[in-house]
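Here chain A shows up in two complexes: once beside chain B, once beside chain C.
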Partner chain A sequence: MASLTDKQGTGVAYQIPRNSLALLMVSQVVVILPLIVHISPWIVGVWAICGYWRTQVYRGRWGYAAGWVKTLMVIGSIVGIALSGYKSFSLEAATSLLVLAFSLKLVEMKNRRDAYLVIYLSYFLIATAFLFDQTIAVAAYELLAAVVVTAAMVGMNQLQTRVRPVASLWVAAGLIFQALPLTLVLFLLFPRVAPLWSIPLPSSVSTGISDRLTPGDVANLSQSDELAFRAVFDGEPPQQRDLYWRGLVYSEFAFGTWAIAEPLDPLPEQVDAPVGLSYEVFLEPTQSKWLFALDTPVSYAARLDLLADYRMVSPEPVLSVMRYRVTSDTGYLMDHELSPAMLARETQLWRDDNPRLREYARDLYARTGSVEGMIEAMHRRIREQDYSYTLSPPVLERVNSIDQFWFDTRRGFCTHYAGAMTYALRSVDIPARMVGGYQGGEFNPATGHLVVRQYDAHAWVEVWLPERGWTRYDPTAAVAPARIDRGLNAALSNEDRAALSFLASARMGEGGLVTGMLQFVDSLEHRWNLWVVGYDAAAQADVLKGMLGKVTPARIGIAMGIGGGASLLLVAAAILYRRRPQQRHPVERVFSGFCRAMARQGLPRQSGETPGAYVQRLAGRAQLDAEGLRTRLQALLYDPEATADRAARRQIRRELRKLRFMLAFRTAGNAS
Partner chain B sequence: MTPNSTQTLTSLSSTTTPEALPGGKVHAREHIEALEAALNRVLLGKEQQVKLALACIFARGHLLIEDLPGMGKTLLSHALAQVLGLSYNRIQFTSDVLPSDIIGATIFDRDSNAFRFVEGPLFAQVVLADEINRATPKSQSALLEAMEERQVTSDGESRPLPEPFFVIATQNPSTQAGTFPLPESQLDRFLMRIELGYPEPAAERELLLSGDRREIVAELEPIIDLDQLRGLQGAVEAIKVSEPLVDYVQRLIAFTRQGNEFAFGLSPRGALALLQSAKAWALLHHRTHVVPEDVQAVLPSVVEHRLRESADFAGHGGGALAQRLLGSVDVVS
Partner chain C sequence: MQAATQPERAIFGKRFSAWLDRRIPPGRRITLSQSNIFIFPTRSGFTFGGLLAILILGAINYQNSLVYGVAFLLGSMFVVTILYTFRNLSGLSIELAEAHAGFVGEDIEFEVRVDRPKGRGREGIQIGWPEGFKQWVEIYETEADVVRLYVVADKRGWLRPGRLLVETYYPLGLLRAWTWVDISARGLVYPQPIFQDAPSNQASSQHRDDGVLIDPLGSDDFVDIREYVPGDPIKNILWRSYARSDEVVVKRYASYVEPRLIFDFDTLAGGTEEKLSRLTGLALQATRSEREFGLRLPNLEIPPGLGQVHLDNVLRALALYGIADR
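Up next, the complex of A and B:
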């Protein structure tokens, strides 16, 4: 068979052991698995083909791929990635290419060197998975994956005749376990350097809130139970109905779609001492820049910005869990005066549509004579007429969609109501805008933090009033007061509730025991975010300052040296303690002590040397007759009937010590 | 077996404890020295091998002697049978020996007009299986089954072999032509494997001058009787073993099981064989307990044929392994 002849003349020793080949292929599957959702699906097929090919090579059925076949495969792969529809060379495209190359390596994996390459690539893929997801579940999975990959490496170094995959796994688990203390030290102390290059953004669209809202298109608002963020309040948390997490401000409307207006310059930073509600937010990755805060943020980290429409943004997209601290002042007055540009912007309606609503608004404003009165009248209309709150509203036309909702269908969710009110106000030149974000959330009883999920997404209205600035009004409260007071679950109709997934309803407290378990898992994830994911450069700087006083590279280096050394010593001590000789016999203990002392004196006992032979050898050196000692020692050690009481032990210890002193004296005497 | 000898067997089962052997130690010492002297007179310059062979007999084990032809293998085994006062048969194995040639066969007796079992050469207290690895595996296994069960089955009828029953097998080095190497499972049934080796020049000179040793063997008188042999075997059982020594034996066994240079480790039977042989060695040196020196003395003979280097696919290169074992395993923990 051509496949088995070795062109490079590598011997048996350079081939991949069978044990390790199986583990290698398993570890490939294990490390590719979490990436499957992020890569092009056809790559999985390529991996399967390569895996089958390598198996056939192993069984001696097929040969290794010829050079031109491999070249074709590489070219085909690059073309395949190019045709897979990635807009730019994004993280997904890069990962796809990496996984593809990793799969193709399988076909030419011939000797040990190739296998080691595959192993190192496997570690790299483990790290890659964290670019997409950093949850505790992924971390636990990747830890196991690391064990499997390490086991493959252990298998590489085993003899052909000892095929023990399970034993390899145990060895690998032990190695990883021993590495944990050092990992901890490095995690705590290793400087978190700012990246030299940045990764292209994952192009996946995030669920939940987006920067464009078209309520008319949504026939069935999917209620994702995905986590939006967690928040921890410093003091007493506010009431559920006051938890309006402001995120986006929609100031433009056209063709039934609300959109964010052109960004304005950030507001100058607040300098005076903040008073108000302090809390910390752990925002899940959104791939966007917007952040969420309660009205109105007055104090926040310097790297964050507060835009002119009072929404907080991060300088770069949130790709991993982001931790930020905010103080909000509920009594703060937003925009005492409205600049002409701002006024134009917030009363703008690009098209002259929805004639019925415009007519209605003009009439209403004329009748009530005040903004507050008009809003109250609209609220009353919602309450008194047959408006209803539903997650599955009828689809609306693009043009005049608000007319259609307000006068005909009268069924909708928050965006429908907020949109209608904003449009009505703008049509009579009152500055108004729609604000999107989250409302409410659930408190986890285990840790006391607030959990906000995608189904808590909400939209409401802000109206600018003289002397009061931007004021929040929520028309949804008129149609479904329970939604605001007690959360979404209370506002749902039976029909809507039936459409929820089991998990979503369990999260809302309908699951009994399951709810409790989910809350427990949530508290675990929160702690993970708090201590591990949230341990960023800023948190590290605090820790380092507390530990070192002044943070200098030299001090960090010393701390890492000490910490690393201590952790390695800890592992070494644990191993030594586990392997300590177990001496059950008291005389053996005495004799071992003697042997150690003699070894220090330069006359160690050979490992195969029996006590009798050793004593005789030493006695010969010291020109002593130790026959009596030898016999007694041997009897005490090996005759179960000899009395090895305290006196006998003391006697033998004395004799051994005498022999040792004689030897020290003799050798010293000879040397001089 | 005669009814008489079964009676001695039952009476002896109670005499295996040292208390039941008043003055047994003194007799044992005399017997051992006399046995060694007689055997050393036959086999010149092979004191160590003679001692090992005696230890093997006292430990109730079968003995495998491996060496080139003409080194005195047959002589040693015959002399052993003589001095111990045991009946002796020799089977020369060749490639065409059949199991019935060893065990015996049922033949038709014309006088009594009935079938009669004619006992084969296996029915003796000491059986010398000469050049065992020249026989086919089929015949080898007939013998090896007898060694383990101490009985043979022919035509559906089990027949006990004489008591005691020792097999002393000799084999030529497996590298020689026309040999069927014994499989590991059968090698394991031999308590010890010894090699005789070339004699020392002085011993060889004496041999050359004094002529054929076989005459001396024929003249050898039994030195001990069956009861005394059983007494010695009982004395081996009574040798005491201390905790540190068992620890040492366990470390030796563990080393063979964990070390990468060993294709496989020692079996529990191998471990028992090692301890049993060490006890017999202690008896030969007139001790009541085993010391590590005893273990080290018998270890090569006991383990070499049970071990194989993992890199050694063809033969049994256990010799270097035994030396490694002795050198690497610490006597004292």
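Up next, the complex of A and C:
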């Protein structure tokens, strides 16, 4: 039989149906479009050439590519990929290769199997797009792309002579729409598994906060309104001023640059019975491993690590929206004792630079006699002298940049102030470090979640104090208290604000209606992340627990069976149900029901007996008005005017029922 | 119940054939339903399954919910397709509309009628016998379609092409729904004609009648004269005789026709099949030259006659000679 089934694809004169070919070309465009930014431009060029070539083949002007041309193209493409400077095994390299293969296949797409290969690659590219971006907009776009690709597949199986891509599109749209209920069931119930092996990663530069900060180099801190993460608090959220989202710890300083020191081992264990603030974070992809949490995480998912400097990291880079639950205890004491190694690490200054600040720090420490006193003195100096907060500070020298800032320019943003304070403390051997992360955020009134954006990025200082452990100090609060209390917008000077993009200022609450709309979109995106993008093993376990009580494979199997069966029944009912050809005569329906009932009672209608004669016979048996019943029934059955009379129809129904009951009684009586 | 014919045995094997006969009994008109439609993934369907597996692996390794989503959507689509492909065949009625007779070596034409119930149109259906070409059926605006199928006739008698394959890959080509229906199709195959150089050779000359057959309405030769009857052609009136007497007399003409031919099985040389072929050739030639002829077979005799109906009778007798007409 196999040889018969394959007859379709192997015919010498097989032509991909024109309808399907057109849809295939369109679906290629649709599928490659969102990937264009991730692949080299020359690949797009190759694709355009191949597309043109195939069109010419279709028109009968050119032939298919000859063997040597194909070989040449493949070799050229491999060399091209090698020269494009991708990191080996990066996701971009893989995607480029895929798109290239996809394009080249176009010029030798002759038979049915080739067309199917192109279709399957299209589906694969749809999935690939989600590795780069998982927003609602992309998902909606790719759903439409799936309709187009599926339409191409439908076109492959329709009659070859007709050209009607629109009809194929409708069939495909219907198919996908009807597949959605089952998709939903699978999405909810299909067990989510931990990664099986390591994979090529997108090599795009990490976004957001960087692991190296050089405040002196920044002449104009760009204020991106890009989303950093969203957080949902279990209970009452804390005050804005207390929202210090700790992410990175900069323990090394050299040549004006703060950097993360060598990696540390994770802290051994979590607190057994955690108390504190519980919340869930939906972190946007950063392509880095660091995570953000409030001070101090005491309970978190087992797959996450808390390093010895109390920053939380993920085992692998965050490539798609990552969802994690944390409980933070604000009263937790970080590092009761400081090991000698840690002490050395957190007081280290690699070079004897910034002599004025060192001198100033020594003098200040000697004068105040305590760490707290010294910090307070620095804060006072910032408040009382002409220090100012700005996003466009003067550029500083590499060496002695902190001296230059603290004594001369006196203009800067958070890193300048935090850096100066950390340096001053370290220079008198007090353990101190700069911490980077986000401060504040805004609550979306629609869903109540906190939205933290890139412009909420912040840096502050942590100082180790005996008995108190690592303690947070924020010198920026001294220069711009509004920044901490009410967010960046409140702290901005007019010229800084003018430099903001329209969207950024709208997001900060300057746009009225626009702000409301943006908040609405944000709440949509949040729900999307909550229910779709962030639906991982942990979230699934929660949902299943709520749904099934106990999560066992058997219960999941049963739930899948029931859910899948129900959704399929729904579809089957929709597509297999055929409406009855014609509405039957109302009295005829009543009468045939009566006939069936009487047949069950053992008094069936004889063959050739008219309805009137039948009723007359039965009514005679029951000693009712046989003649009258016959006349009335016949009128109702055959006289359209009588049929239209609803009261008469009710009447005959009652009469027939009465006749039935009387005869039932009678036959029962006879039997006993 | 009719046993499976030869080609089917070759394809299915005896057992499966017997099972099919029980499962989908032969009939004049067969309506497709869940009891006689089979569905199985095609090779493309299995490849599609492979694609899904790769997507799920990717989703697991990238921990990407939306890649899971794509895989699930495609998987669900595959499942829904089962219903679609089933619906595309379900409810169709298939019957043989007409079978055209032909000669051995020719393509015998069968007209198969496919009716659909009210409701959705059907498309992408292929229909055909294993040894013939498949035809596309599309019943969209109309409610029935007639397809012409051709099967090569290899021997005389009844050509039973056996079970008819009805299949569809619609809508995605991932699944194939098919059935083998036996619509009791049979077409008559006449022996392959052998034409001889001289149609009126000794076989026919021996059967020349004693008297000469006269076509009284012919116009070749003068026969006699008789009294005028109204309606006789005026040019036949013998005017000279009319001048002599008052009698109106007309000349009568007649044509001589070759004597009626009787083609006799027993007088021909060769084996049975060769004889039948020769007789077929003779019958065709006689018909072409518009000469009456009769046929004499060992078991039956067809009196002389002329015309398409007569020829059909003769050819049918030749085709079925020695074969039970069932």
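Going forward, the second predicted complex is superposed on the first by the 534 of 672 C-alpha atoms of A that agree within 3 Å, B and C clash if a C-alpha of one lies under 4 Å from a C-alpha of the other, contacts with A are read in each partner's own complex, and residues count from 1 in each chain.
By definition in this document, a contact is a pair of C-beta atoms (placed from the backbone, for glycine too) under 8 Å apart; a residue touches a chain by one contact, two chains touch by 3 or more.
Since the structure is predicted, the reported quantities are computational estimates derived from the model, not experimental observations.
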If we overlay the two complexes on their shared chain A, which of chain B and chain C does A:G612 touch? Say first, second, both or neither. first
So which one touches more of the residues on chain A, chain B or chain C? C
Please indicate which partner A:A554 is in contact with in the superposed arrangement: first for chain B, second for chain C, both, or neither. neither
Which holds for A:E641: it touches chain B only (first), chain C only (second), both, or neither? first
For A:L513, decide between first (touching chain B), second (touching chain C), both and neither. neither
Identify the partner contact of A:C595: answer first if only chain B is touched, second if only chain C is, both if each is, neither if none is. first
Under the contact definition given at the top, report the residues of chain A touching chain B in one complex and chain C in the other. 159, 162, 581
In their shared complex, at which residues does chain B touch chain A? 240-245, 247, 260, 263, 288-293, 296, 310, 326-333
What residues on chain C touch chain A, complex-wise? 11, 42-44, 47-48, 51, 54-55, 57-77, 79-81, 83-84, 87, 90, 117-119, 123-124, 126, 130, 134, 136, 138, 165, 167-173, 176
Under the touch definition given earlier, write down the residues of chain A that touch chain C in their complex. 1, 4-8, 112-113, 116, 120, 123-124, 126-127, 130-131, 134, 139, 142, 146, 150, 153-154, 156-160, 162, 171-172, 175-176, 178-183, 186-187, 190, 192-199, 319-320, 532-536, 568, 571-572, 575-576, 578-579, 581
Touching chain B in the complex: which residues of chain A? 159, 161-162, 581-585, 587-588, 591-592, 595, 605-613, 634-635, 637-641
